[in-house]
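Here come two complexes built around chain A, the first alongside chain B, the second alongside chain C.
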Partner chain A sequence: MGDVITVSDLSVDYRAAGVVHALRDVSFGISPGEILGVVGESGSGKTTLALAVSRLLASPPAQYAGGQILFDETNMLKASPSEIDSLRGTGMFMVFQDPMMSLNPLMKIKDQIIEGIAVRCRRRRETFDRATAEKEVNEHLTSVRIGDASDVASRYPHQLSGGQNQRIMLAIALAEKPKLLIADEPTTALDVTSQAQVLNVLKVIVEESKMAMMYITHDLVVAGSFCNRIAVMYGGMIQEIGSAEQVMRDPKHPYSSGLITSLPSQRKVDGPLVGISGTFSWDEIAGICAFAPRCPLVRDDCKKGVPALVRVGPGQVRCINYGEKPAE
Partner chain B sequence: MRIPSGIGSLLRNPASCVGLIIVAAFYGWSVLEGLLQVAGIAFHMSSLGWVLLPSDPFKISLNQALLGPSPAHLMGTDDLGRDIWSRILYAAPVDAGVSILVIGGGLLVGGLLGLPAGYFGGLTEEVSMRSTDLFLAFPALILALVIESTLGREAIYAVVALVVVWWPSYARLFRGEALRVKSMKFIDAARLSGLSGFEIIRRHMVRSTVNTIVSYATIDLGSSILVYSVLSFLGLGVPPPAPEWGSMVSLGLEYFPQSWWYSLLPGVVITVVVIGTALLGDGLRDVIAGEH
Partner chain C sequence: MVRSLPNDGAVLVISDAVKLFPVGKRSVWDRIRRKPQRFVHAVDDVSLEVAKAETLVLLGESGSGKTTLGRLVVGLETLNSGRINLGGDDVSRLKDSDKLRGRLQMVFQDPTSSLDPYMKVVDCVAEPLRKSNLEKQQIVSRAMESLTNVGLEEKLALKKPSELSQGQRQRVAVARAIVSKPDVIVLDEPTSSIDVSLQAQVLNLLVRLQKTQGFTYVLITHDPNVARYMADNIAVMYLGKVAEYGPADSVLSNPRHPYTQALLASAPKPDELSLPKPLSGEPPSMVSLPKGCRFAPRCPYVMDRCKETQPPLFRQEGTIVACYLYDH
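Take a look at the complex of A and B:
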């Protein structure tokens, strides 16, 4: 398929007092130049998925319970720590949710970007010298829309805003030129204008360098306009995956449609805010459809087993009622 | 900027101000006097070593033995009529050098063992922390005494002995700091940038632990002078006739309490320096804690 990353039937458990099946049978692939949006509410397993793919899960409590992750022809779950180190950075890079915490507070911005350049030069056997690296820093800072690049470069993270720091992380991503960029809610900490800027930068990077990208968000509007494909997660499982247009226009899973009808922008200004009733609880979903306890279309059959992910048109959906929309 | 504001708040606290003055005077004087002594040896003009002192610290004048403090001899004279204040000043570079080398060596060994232990965990941690425990299980002073009496009576062997007893506490401190810093998000980010474990330790962890370590090490400078003085008090310091603070205290005990200045005043100088480092280290800790 030529995918940069192929995840098949990945399952992850958290074992502490009890066992939580944080991820169940997650499968997807991302091809070069493609953006896969991973959407879901808090606790749906999005961040666990990102950490699992990058092998950053703290273990214990996390435990891989099955499946495989094939990245660039390497089986990530069987690779040795040094093999994984050698895939990070130029292979896969991750931008975290909180930009203030992801940069070393004691290092100047340029030194942190140069660190990325040095890793790339070492891997690609390019010659590294500091003067050209400093020039490159300014180029990357300019391409993530930071004005006064040379001024910002010699500052420390605490002297910059959250939006600027997030763009610095993207500049490091540019310096590393990874094959897969994982972005875990990179714009949550940003105001709308910075968010639009950062997303535009990301889109250009992905298109220019044919990078594959996994974009994790709870913002369906952003995912719909920014991603090529969308995977909707709930209860640690992919409930629906398909092209962004199809999922937004014609969601098959009742949870996807619930998310879309919950968007405030679609309601009248003075109308009530609509949500999905009920709350998520791991205790209620053992052996049944994860969304059944909150689903408006729930039938007795929904509680007789976990539905399989089945192909419906161009996408896949994990629901025995697929296609049926809740009555409004 | 961070550092100037730190020094500002350090100076606003009178106690740490006093500590800073004492420590700066002690190490400043030691560097100056140490250079003169080295130059004196290099040019075969040992008198260069005491051009700045009130009098020659080695000059024996038995008719002036055991004189009490006076304007001519600020801290009196010893049993051979040598000026005690001059001998204290002459001995300062050795104590300063020993303290810097001991703490530097302790930091180096402790850091090399403690940081990887905290960062990597597992077998690395078991091996280095259990060997730390092994060294901590011996009473420090006795271990130092055994090592130095085996190696010989030289300041440099005293340094070796003190580093051997000093590094374990730093290994523990560094391990704890490594555990704290390891959980921070930017370490994950650094791992994802493709840096190896040792690069992360060298580039990210060392500087993140500096704040905590600095105040601790400053206080320890004084403690190492104290322990070194104990060693020379017990007869394991610099061989005579070279003056040494601890051995002066010990020699003077024979003439105590009639010639109280001989033993007491060198002891007071040791105490002042130790208190100075403690005050400064304490002040540094407050400044650093205030920043977070």
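Take a look at the complex of A and C:
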């Protein structure tokens, strides 16, 4: 299999006063140049998944409770902290929601990107030369569509807008040339116009450099317009996974279709939005289908156990309405 | 020049509203040298109207002045010039706020910070009535009625906001806004901090309250999809000025101002699975705005005179547009 990352049956618990099964049996792979969107509401486990894959979970309270993560022939759950460290940046690169928290406020943009280039040179045993690095900085800034590259390079993060700073993060990613880019809500704090700029830059980067990408978002519309495949998460489990087109146009899981009909695509005179009633709570879902308490199609059988992820057409769905075949 | 859309029976009339914020501090030396104070034109010569039981959406990015305008309407900021009329009374100049008490309410973006964590839910909701002439018993029953109206169970009334979910808290904020039966409610991004499924619930609630009890809304949002669902009229704002103003159908399905077109193109749409088109460039600094049209530096149709003078508002079949393309 040519996947950059393969996650199989990954489970993570949070142990504090009680135990929360934050992730259960999560499996997926991402191939080079592919964007996997991980979509879910707050509490669905999507950010835990991003942190678990990159081994950034704070432990305690988090605990790996099973499964494995294979990244580029490294077993992430068995690797030593120094091995993990050497993968960060040049192996897997994370982009967080707020770029101001990720960038160093006391360093010029140029120096932050050069730092990335220096790390790459050291690890790949390339010769590092400051003058060529500075030229490279301008190239990267131009590829993330920063207009006046040399001017922006000598500024500090607080002098730039949120959208520009997020693109600076992507310029650093370009400098480090990672195999996997994990983006956790990278455009949530941005305006629609900045969001469109960042998404377009990301798409080009992924396609040109054949990175694999995991894109975490609560916004199904963005995921549909941007990702190749979408995994819909709820209650720490993948409820549906399939191509973006299939999940958006023909959702199988009642939760996925609820998310789609929640989107305001009509006018108020056309009647109320068909949303999802209720709210998510960890207390109600032990041993049953996680979505059962809110599902419009719920039956008694839904509460007899956790449904398996079964193959339906080209995708997979975790819902008892789709066969009793075991998951593949 | 066109001042505003003809609209009889408007509850709220904003005419020529201007709000300036001073930038930086002037030292004594600056004063002696008569160095002029610099200002940010947060709201610049805005005229809008809202009719009873209708929704006016202020659509724009951060920095467009939409939140400042909303705060001016409820009297949280004072106008530098212009007038805001609420059913015949001048909001901006009324000395005794008793006459306005309870007639204007606001729902903020983040209910966690807009509700007092030490107050019980019922007290939060009853607070706008505290200065009214009602008996204590009546106040409590009005608050309970308001909670039922927003779909919250009575047993939640004695809880603290921290014991509620984010969606429930936003319902409490709505209950507090409607308890005094105000003439106008300003909703400042009421759903941008909550998940899509809860967003649908809150939007449905707002529309139901408007239909059954005739509330008038000024909704501030950056999301064209929310605007489409909620709006009767839309004012698109860019850097403190109205770019386009008209009935929602017309503005969204036939956007005339190049900025409106760019804004709508950069928002991903639920029914299209294509990447949104980005707008090039960054908005200019609020302190040193271009002399002519504020959108001219980013506009694809820019003409010479756009750079020289600010375009007035031109009427175009029911909508008004601040763009020289429509100067026939």
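Assorted remarks:
Just so it is clear, the second predicted complex is superposed on the first by the 313 of 328 C-alpha atoms of A that agree within 3 Å, B and C clash if a C-alpha of one lies under 4 Å from a C-alpha of the other, contacts with A are read in each partner's own complex, and residues count from 1 in each chain.
Throughout what follows, contacts are C-beta pairs under 8 Å (C-beta built on N, C-alpha and C of every residue); 3 or more make two chains touch, one makes a residue touch a chain.
Just so it is clear, the model here is predicted, and its values are computed rather than measured.
Superposition model on chain A: chain B and chain C are shown accommodated side by side without a clash. Legend: residue contacts after superposition of the two complexes on their common chain; A:L180 is shown touching neither chain B nor chain C.
Of the two partner chains, chain B is the only one that A:D98 touches; chain C does not reach it. Once the two complexes are laid over each other on the shared chain, residue contacts for A:I172 go to chain B alone; chain C is not touched.
Legend: residue contacts after superposition of the two complexes on their common chain; A:G147 is shown touching chain C, with no touch to chain B.
Once the two structures are superposed, chain B and chain C can be ranked by residues of chain A touched, with C on top. By the touch criterion stated above, A:S86 is placed in contact with chain B alone, chain C being left untouched.
Judged by the touch definition given at the top, the superposed model places A:L56 against chain B, while chain C stays out of reach.
Of the two partner chains, chain B is the only one touched by A:R123; chain C is not. Once both complexes are placed on a shared chain A, the shortest Cα to Cα gap between chain B and chain C comes to 11 Å. In the superposition on chain A, the residues of chain A contacted by chain B and by chain C do not overlap at all. For chain B in complex with chain A, the residues that touch the partner chain are 184-186, 188-197, 203-204, 207-208.
Per the touch definition, chain C reaches chain A in the complex via residues 55, 61-62, 165-168, 195-201, 203-204, 207-208, 222-226, 228-230, 248-249, 262-263, 265-283.
Contacts from chain A toward chain B in the complex involve residues 54, 56, 82, 85-94, 96, 98, 101-107, 115-116, 119, 123, 169, 172, 176.
Residue ranges of chain A in contact with chain C, taken from their complex: 41-42, 145, 147, 161, 163-164, 191-197, 199-200, 203, 218-222, 224-226, 244-245, 248-249, 258-268, 272-277, 279.
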